[in-house]
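Below: a set of structures, written as structure tokens.
Shared between the two complexes below is subunit A, which has subunit B as its partner in the first and subunit C in the second.
This part shows the complex of A and B:
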């Protein structure tokens, strides 16, 4: 089993390398950091710009392949180079990674767990009010882009705050700058800021998972083995949870790897809208500012995140399904 | 039987009715079922698929879906169960009444070990520790005959063979010492050798628990020696019941007679023709007012349509039948053969085999598969010896039956023949042409002359095609005129010409198989290869298909290679039989010789495992039980492949065993048309 996972890991690492390299090549050949200087007034002399760009390994007069070589050489040693302003990309990323991961992990956990339970419950109560309601809401959420959901949530939060005369929901930034108070106050403040973005991400995950899990559960609920479990003397609920749901979780886990990519995209928008300084925001900003190295670094982060999700999904799959484990 | 007499019944079912849905499309699945069983008694419930057997049992267990409406009474130890709350039923299920389901593959949860699932059953009803329950699970597995039970308890269901899973199901059912065990077709889909083992285990289970057993089956043959009383169901209703001897020897309802007559038997002197029940069971949502069996009943008279006949007593203790003509049957002493139109008598090979041309010759055929492991990067970890040197030939106008347990290599042999390509080793000669030397056009020509019929031939077909398209397809592929051929073909297989415009899904299993046969006949082949063509069908329907194949062979001068796991069926249709075991032929010869005096210990055990639809003979019969399952073909035993399970080997003195273990036996002729691959072959009567 371990061997199998290691081989999978090797595969994925190769994929990350390819994905990141392609991202660099694409960014380096389409983005134009030189334009950042040309727009300035007074316009700096060409030689100065060239020297500066060369220093940052961003000079389009250097052949692409050579720039790629330099970049790759640095990346191998763990250095993602510099932003066009000359700051270290590594530092930029270190600062932002935690912000994004907080959103991602919470969104995934909340989304998949709630989604799976909502889906399973809808299946058990097929054609009941919960099932109908869940179906309706899920399709509604799935048909609205994340951006719009984020904005709608903001509007709702504003309305709530005004109606109650509080500032319960916070919708810009990760925390209130210059807040006075102890640790608890700060923690509470961060949580208040966390609610809306997490919800934005989780909602679409819940919608996706609940649809998927509902179908999986319906497939399994009438399976012979659930009937056997009932014939043994288990209550309906115990048979459904211990036998049906447990078995129906297996496909949901493999599904996880697929939905993760979409979640990353969602995170990018969410960060931008709620003013979180995370990786998604960095990506958007660096494309605007023709910042090749940052774009490549964010791509690498995304690839690694997908890799971890896929690996996690493999491990969970093996943990849940003895048929894979033994084979 | 005797133990049951006089005891208070544990379970009494009376006037049980189950309806699904409502309004005009309500399905009345069960209508007025009555039975009772005493402790230690075995009741057989028999009927074709769809007759309401499973629904009856699920109603007793209280496990029907919510849209089922149940009325009537089910009493356990005198206590009414119908109308109880699910919570109360939960306490009884698995404890007072337990159930063994049909398909042991899907009936166990794939993600828990077998031991855990049995232990769960223990812990639901008994207040014991986890450890103790686990130990009890191991004991139970041991009781039902699972070898090295401590280790096997930790295995998952997919690591068990079909027979072992069914044993595990039985272990689960007896975990709480129930008073009633309902077994819903527990041996359907199992090989005969395994079926015999499972029935043996059920007997053990019964002695262990003293429970009353309800044994459901569609095959009267299976339960003859096992049950005390029989209840025959048709269209959701009991149509005959009584003591097993009365029902088997003196059936009084034409349907029961049909069921009995349609069973291919091993114990009748010469091959007697089978008597199929024509037609199909009625739809349960629109039953005609009269006797539901009337459309299929050869004895029906106009009065039969007047009303549904009630069960009326006929001679014999507790014997009753739902038919208005029982008196006539009684007076004239009618037997199934008198009532139903028998098919053609089994054709006996005409003249000298040697004088007829060979249509198929297989010589030392070998097919090995690499055994792969790993999900992404596959690597070879061994070799599956699927077919390992198989030789036989088929002469014109002859049927060779190829039999053996599942996994013995029958289908692989057949696929190798159909491939029409050079085999890995050995030779295949089809209609005089060596498959190693065929060009494209030769192959096309041979494909015309050699056709194939699968277990469910329409399963692989486009459901959007009509029967017309399906039957015309081979003709157009070979550039032939379709014209009136489709009508002809349908007529040939006994189907109405109007079926041409309908779709495969609209047909029953037997009808579909007839369409499959019609398709195979379209190009007027000389040789037809049949892979388990009747094993998915009910016995009553199977008989009709067998008779059809028989008469087509005579009329059209066909030759068949007939692959089946059921030896009784093969006896009816084949002149010669080859018995396969783990990729090789254990015994081959004329059906009469091989069935009357099998010489290979494997053939002997197979034949002895086949149940006879004759209660007295069954009760007296001593079986040669095979132990365990087929070994893995990836690692066949050394020397004689059969030695790990051979009953003869076990009885041999040590000195003689060495030969079996060291040397692979060759097929040796034994006089007449019979040869066996056993060092100690000895002809023996076993049936």
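This part shows the complex of A and C:
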């Protein structure tokens, strides 16, 4: 088992290295940091711009391979270089990583747990009102891009706030700047800001997982081993939860690794639209501002996040399926 | 000696497969037309296509026109969907954006499904190092978030270079299908008709294109349909942030992005593009669901899972 995981880990690490390098090469050859300086007025002399760009390892007159070598050498020692304005990318990332992880972890947990239970319940009550309702709603949600879900939720929140004359839903930033009050007030304020972005992320997750889990559950519900469990005296609920649901979870866990990339993208949209200063926002802004080193750093983060999700799904798979553990 | 036999074999296969393929197609079509969701989706989709491509002829305004007499006006007889902040006729612009979104969706689905079919079947048929190399590429592309790569490349899409955008979207949409194709090819290649073709001396690429891929067509058709909606959704999201279709071209994504800013004060700038987008994707998904039922009547419906 440990050997299996270690082999997977080695493979994933190689993939991350290649993915990040590829992202850097792509960014370095398509983005144009020089334009940021040349667009200034008064326009700085070319020699000054060149010197500045060279100092930041962004000069497009230096061969790409040489720039890549300098960048890779720094990254190996844990330094992602500097932004085009000269700030440390590492600092920027450490400030933002927590914001994104909070959103991501909450979205994943809420989305997958609620989705799996909704799907399992729909399967148990097949063709009941809950089943039909869940099918309809998830079909609708899967037809709306995350961007539009975020904007629609924002519009609904504005309408709700205006109708009730309160400021219950907060839809910009992750907390109210300059808020007075104790710990409890701050906590409440953060929760108010958290509701809508988390909901945006979780909704599509719930839709995907409930569809998937429903099908898997229907597959195993009438299987022999569930009937055996009932025959040996388990209640219907125990047989369904302990035996059917556990077996039906295995494909969903595999699916988790596949959907994680999509979720990461969803986080980017959510952060940008709700004004959270996380990694996704950094990505969008750094592409706008031709910031090669930041783009590469975010790519590395994304690849590592996908890797961890894949590894986690391997571990969960092993925990649920004894055949993987033994074989 | 070998030549006439090979030709005979080829002809036998041709004669045998031609009538069977058409009757199977008719059978599936008949089953599809019996599914309620499939027919609904197909009708809605047909109407949307007519609207997108014939609709602009109904109004005097073109998507490039600007009406300097009315800025940000609600829908009226003069401007059916109202006007934007710069005086654009929302009806004309929205239909123009829909054309682009529909074309992009269709192209991406066709290209990505073709790539998935070829890569998956070659990997499954040859196995060995071909398989290992191709599946490694699949793993790599799955680790790279497509949004990120396409966003980085977005400066290259400027100047009406949207076909490159289509290629990039397609490049990141074939991996999961190709994996399924691969495992199904592995199981199908042991069957008698493939073995027979192989013993007759038919070359491997010919077997793959004549026997393997047509036999897995049901999976591919359903998947192509799902890919249309996935492509439209991805295109919208990328264009929303300015990483997709570049001005002066418009798509539903760029229109939704423009509309968002005035969504609460002037809802018509936002809701027509958004509504048409949702209806389009919904219709495509319904068709996909109907096709799935038609190809595999034993499957439980409504069954559906996608990312």
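In the analysis below, the second predicted complex is superposed on the first by the 327 of 327 C-alpha atoms of A that agree within 3 Å, B and C clash if a C-alpha of one lies under 4 Å from a C-alpha of the other, contacts with A are read in each partner's own complex, and residues count from 1 in each chain.
To be clear about the criterion, contacts are C-beta pairs under 8 Å (C-beta built on N, C-alpha and C of every residue); 3 or more make two chains touch, one makes a residue touch a chain.
This is a predicted model, so every value here is computed, not measured.
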Ask   = Which term applies to subunit B and subunit C once both are placed on subunit A by superposition, clash or fit?
value = fit
Ask   = Of the two partner chains, subunit B (first) and subunit C (second), which one does A:144 touch, if any: first, second, both, or neither?
value = second
Ask   = For A:259, is the partner it touches subunit B (first), subunit C (second), both, or none of the two (neither)?
value = second
Query = Thinking of the overlay built on chain A, is A:125 touched by subunit B (first), by subunit C (second), by both, or by neither?
reply = neither
Inquiry  = Using the superposed model, give me the angle at subunit A's CA centre between the CA centres of subunit B and subunit C, as a multiple of 10 °.
reply    = 70
Key: Larger contact residue set on subunit A - subunit B or subunit C   = C
Query = Looking at the overlay, what does A:234 touch: subunit B (first), subunit C (second), both, or neither?
reply = first
Query = Which partner does A:224 contact after superposing on A: first (subunit B), second (subunit C), both, neither?
reply = first
Ask   = With the two structures laid over each other on chain A, which partner does A:167 touch: subunit B (first), subunit C (second), both, or neither?
value = neither
Message = For A:95, using the defined touch cut-off, is the partner it touches subunit B, subunit C, both, or neither? Pick first, second, both or neither.
response = neither
Request  = For A:7, select first, second, both or neither according to whether it touches subunit B, subunit C, the two together, or no partner.
outcome  = first
Smallest separation in angstrom, by C-alpha atoms, between subunit B and subunit C in the superposition = 5
Message = Please report the subunit A residues shared by its interface with subunit B and its interface with subunit C.
response = 11
Key: Interfacial residue positions of subunit A with respect to subunit B in the complex   = 4, 7-8, 11, 223-225, 227-236, 243, 246-247, 250, 320-324, 326-327
Inquiry  = Looking at the complex, which residues from subunit A come into contact with subunit C?
reply    = 11-12, 15-16, 18-19, 22-23, 26-27, 30-32, 135, 139-140, 142-148, 151-152, 155, 158, 208, 211-212, 215, 218, 255, 258-259, 261-262, 264-265, 268-269, 272, 283-284, 287-288, 295, 298-299, 302-303, 306-307
Ask   = Which residues, counting only subunit B, touch subunit A once they are in their complex?
value = 61, 63, 86-87, 90-95, 98-99, 101, 103, 106-111, 113, 120-121, 124-125, 156, 158-159, 169, 172, 176, 373-377
Key: Residues of subunit C that touch subunit A when the two form their complex   = 139-140, 142-149, 151-156, 176, 229, 233, 236-237, 240-243, 256, 260, 263-264, 270, 274, 277-278, 281-282, 285, 300, 302-307
